[in-house]
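Pasting a structure below so you can have a look.
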Amino acid sequence: METSVQSLTSAGNVLFILLGAVMILAMHGGFAFLEAGTVSKKNQVNAFQKILFDWSVTTLIYFFIGYVVAYGISLYSDTKLLTYDHGYEMVKFFFLTAFAAAVPAIISGGVVGRIKFFAQTIAAIFIAAIIYPFFEGLIWGRISFFQNWLTNIFGNSLHDFAGSVVVHSIGGWLALAGILILGPRRGRYDGTLDIRPSNIPFLALGSWILIVGWFGFNVMSAQKLTEISGLVAINSLFAMTAGAIGGLLFSKNDAGFTHNGALAGLVAICAGSDVVHPISAIIIGLVASFIFVKLFHWETEVLKIDDVLGVWPLHGINGTWGGIAAGIFGHKALGAVKELSLGAQIVGSLAAVLYALFLGFILYKIIDLIYGLRMSEQEQMIGSDLTYHRIEANPEETL
Amino acid sequence: METSVQSLTSAGNVLFILLGAVMILAMHGGFAFLEAGTVSKKNQVNAFQKILFDWSVTTLIYFFIGYVVAYGISLYSDTKLLTYDHGYEMVKFFFLTAFAAAVPAIISGGVVGRIKFFAQTIAAIFIAAIIYPFFEGLIWGRISFFQNWLTNIFGNSLHDFAGSVVVHSIGGWLALAGILILGPRRGRYDGTLDIRPSNIPFLALGSWILIVGWFGFNVMSAQKLTEISGLVAINSLFAMTAGAIGGLLFSKNDAGFTHNGALAGLVAICAGSDVVHPISAIIIGLVASFIFVKLFHWETEVLKIDDVLGVWPLHGINGTWGGIAAGIFGHKALGAVKELSLGAQIVGSLAAVLYALFLGFILYKIIDLIYGLRMSEQEQMIGSDLTYHRIEANPEETL
Amino acid sequence: METSVQSLTSAGNVLFILLGAVMILAMHGGFAFLEAGTVSKKNQVNAFQKILFDWSVTTLIYFFIGYVVAYGISLYSDTKLLTYDHGYEMVKFFFLTAFAAAVPAIISGGVVGRIKFFAQTIAAIFIAAIIYPFFEGLIWGRISFFQNWLTNIFGNSLHDFAGSVVVHSIGGWLALAGILILGPRRGRYDGTLDIRPSNIPFLALGSWILIVGWFGFNVMSAQKLTEISGLVAINSLFAMTAGAIGGLLFSKNDAGFTHNGALAGLVAICAGSDVVHPISAIIIGLVASFIFVKLFHWETEVLKIDDVLGVWPLHGINGTWGGIAAGIFGHKALGAVKELSLGAQIVGSLAAVLYALFLGFILYKIIDLIYGLRMSEQEQMIGSDLTYHRIEANPEETL
């Protein structure tokens, strides 16, 4: 009897985290469609190709290097782990590699339209091997000094349940570095480039896939079935709906902002989704959509930073907002189920900004010097699809 | 040991109903694509925008008002419920709000092409706050007099396992009221409007998403993992396949009718999916597709009711058919696993028709008088996309 | 207590295999998009129509005939099975019918563009009733002589965990027979037919849906939650990523080969996914993508076999490779968790080739003689969409 309960529990844990892993895998299809729908049509094929290839490379690199960096576990060398506990360690890796692979996928939307195909892959390799796993190890893994230091000062470590800071802000702030070094697309600021999304249905499809998959991203961050929390689901739902509503209202009914507003809410709720009250989640999502709509405009029109999908405000700034928001609303007086430390949330979130910006500049600068980052003007004009993949999205339709 | 079994059971229940909730959430992406693929291209963006926005508004309204109406539970005021039993009550709400949000999504397909954007939202608000939850409370919730009355008369209450009556027929018959008050689209009956679907692949995508998600809609209506029934899955599968086959045969191989035929079968099987024999499910699905193909033609060509996606026959009439069919086939003599009352099924199903038609006329009439329902001829000609969202589905392709 | 553990276990098993079934159902939407994106635009509607209709017909035929052939269980005649053990037998059938229906869906991609609509359906009926279930029964079901014979000779039976041989190779080699009898599409080898994919985003969507659903195909092949294995998931993941990487590298960054390369890896890993070491899975996937890229070219350009989606190399040859690869890498000395017999894997895999080729020639030859297989030149020129479904994918866009 006891054996069968243990076996069922362990099997349930494997199923639980596997479902999360598969849902986040699906999100990568969502990243591809969101990007393909937002870029110009001559870069659609490239979006699909990049996301699938970078996912694939990232997964293997993270298996052999990154996972060891973050957690000290080399799954490939210990045959016992293949089947121990129904193979839980294998599926947990799958779940976490899906997180790791999200970072290059996030960046992809910012640098699209003028980055060289394999420059993006090289960046993904270093991100999955070192940059992301080291910070992951710092917050969630085996590298304990930073969280210990925060606990000593603030009485609490950085709480980042599902990665507002570790995944989204790292991705968004790395992207900012890449975007700045790359410079804007040819014609972006002289009016010769059509910057409208090429395909709203694809944008919406990408957004829907991401929305749905996000419930795997957040809920399965509990990592064990027996730790599942319905509160995480409801907070994700509410931040998403509030983000969509805000996106629509703040943009005066723009489809791109509405669908991305839902994502902004989801980025921001990750950190505190297991802690804050659902009404706080509504506020967090609403603010996130406001940040996205306003700062995307400020970034791309005032600062003239050519962030194609707005990944810096969407994932970077909103990831930081999510980390801080958990500190603001994570108090029992506000209906939260746990006490978090605002200080630790602020310092931890800002540490991620500095970390990502600093390493991002080094990473993209080195790639630029050694391999080259930027497609030629001619290549950009032809588009990434014909330049790299010798085919357009709809070949028959070309005259 | 006993604690760990209880905890595992409770965690399993949360996972179970969460999966259902997420699958129905995904169905809303399906509603969007089904609508976008069926309407003219100038209304595609609008389809996505409406579905996401109305989902979002509906969710919050149902949380604060509708759920209290139907079940008497105000989740926002009782902090204990946030984490009690792994947060089961929170996820159950998520599951049921996904049902509630289906009603405006169903209606959307009927009124598209000429309804004002926010008129639709206003209707969604009243539907999610009062109209749907009151009827839901009557059949599934805390308002017991109607089911008691049916039981007194027929020895059985209305059995509606997964909402043929409560969700689909309420949605479809409300839509009929809205469609009649709105009137047909500009040019619909003078031959100047192209009424062919704009995009069969989108229509098919929407249909596939709905088909797949429907297994969450039906199977997870058991609400507890320990109540799961494989029979529900197989009956859903068979009604769907029979509906697709019927849709193809009755329409002479038309893609729209085939993909909607699958949905017609699924609408009709909801009510009795936990009770009837799989062979009965085949018959129910086949009849449902016949109803859809024949009555869609009768509705739109003979009665000249401009129901764009055919939501009245698809969800309304077939929802009613599903309620009654459960009474016809829900007998052990026909291989069913439970005895249902044909009388209660007929009276309950017809009550929903009257309820929805009556309140639908009042609702849309009042909105029409106060805010206005109908887009101007000029706006319809330009299309909802440019009228409300200042962008077309594929901006680059416009000359 | 014991009752509640048993009930929870049994409910968990039903949920587990149901999730698998639904994920494979979703894969059929993926088959449809992969085909629609790869064929010419005038055959897109047809792709959707065929996949949904053949799925539906196959399901019912397999229920009434095929399942009895393979497992000796007639679910429709034993009312007790409807609810016994939470209806596990019903959902297991759903899972296995989703496997059976994959065979016609695989074939569809090879014969598209010139096969008569109902000729394909007739073939699907015989495949689902007899051809597939008999071989299934031989390897997994109640017909024991072949596996006994292998065991006598090699000390081990054919190990085919998730159907590299039973599903994919049977599908791919049947397709080869059909393709050869049908002959190439009009204009395929005189340069008058545009053979480029019509829609890369649809191709990518199909591929993503298949990739994601494949984790249900493979992991849920354990059939019981308590038998779940994380190793299966990780091996599927690695074969997929290696296949995508190989597809890109071997094709010089072609989007079709990259996305199909991921699928090639998944086809090949099915058989041994529960046994081999993850590093072996990487090699298996890499070889699979090499096979696909090189043999697709050899098949279609050298042998001039007009296999539109390349289903013979993708599913047929790679299915065979998967069966044999399990024998090559299924040894504890190579880190595998079980010992397999290379001899049994080779003989079993080749038996499937002969079986499918032989019956495929008979099947398609008879259909050709009695009903006719091939669309007229005129019909091919117009396209399957207008010929059979009286509508194009995007009617508004036609001048």
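Order of writing sets the labels: A, B and C. Residues in every chain begin at 1.
The definition used in the following text is that contacts are C-beta pairs under 8 Å (C-beta built on N, C-alpha and C of every residue); 3 or more make two chains touch, one makes a residue touch a chain.
What you are looking at is a predicted structure, and each value in this text was computed from that prediction instead of being measured.
Chain contacts in this assembly form a complete graph, since each chain touches every other chain. Counting every residue number used by either copy at the subunit A-subunit B contact, under half are found in both chains. For this pair, subunit A with subunit B, the centres built from the Cα atoms lie 33 Å apart. Shared contact sites, meaning residues of subunit C that touch two or more other chains, fall at 1, 5, 8, 12, 19, 199, 205. In the complex of the two chains, the subunit A residues touching subunit C come out as 1, 4-5, 7-8, 11-12, 14-15, 18-19, 21-22, 25-26, 28-29, 32-33, 36, 44-45, 48-49, 52-53, 55-57, 59-60, 63, 75-76, 79, 82-83, 86-91, 93-94, 97, 117, 199, 202, 205, 388-396.
Of all residues in subunit C, those touching subunit A in their complex are 1-2, 5, 8-9, 12, 16, 19, 40-41, 194, 196-201, 204-205, 207-209, 211-212, 215, 219, 225-234, 237-238, 240-242, 244-245, 248, 253-256, 258-259, 262, 277-279, 282, 335, 337.
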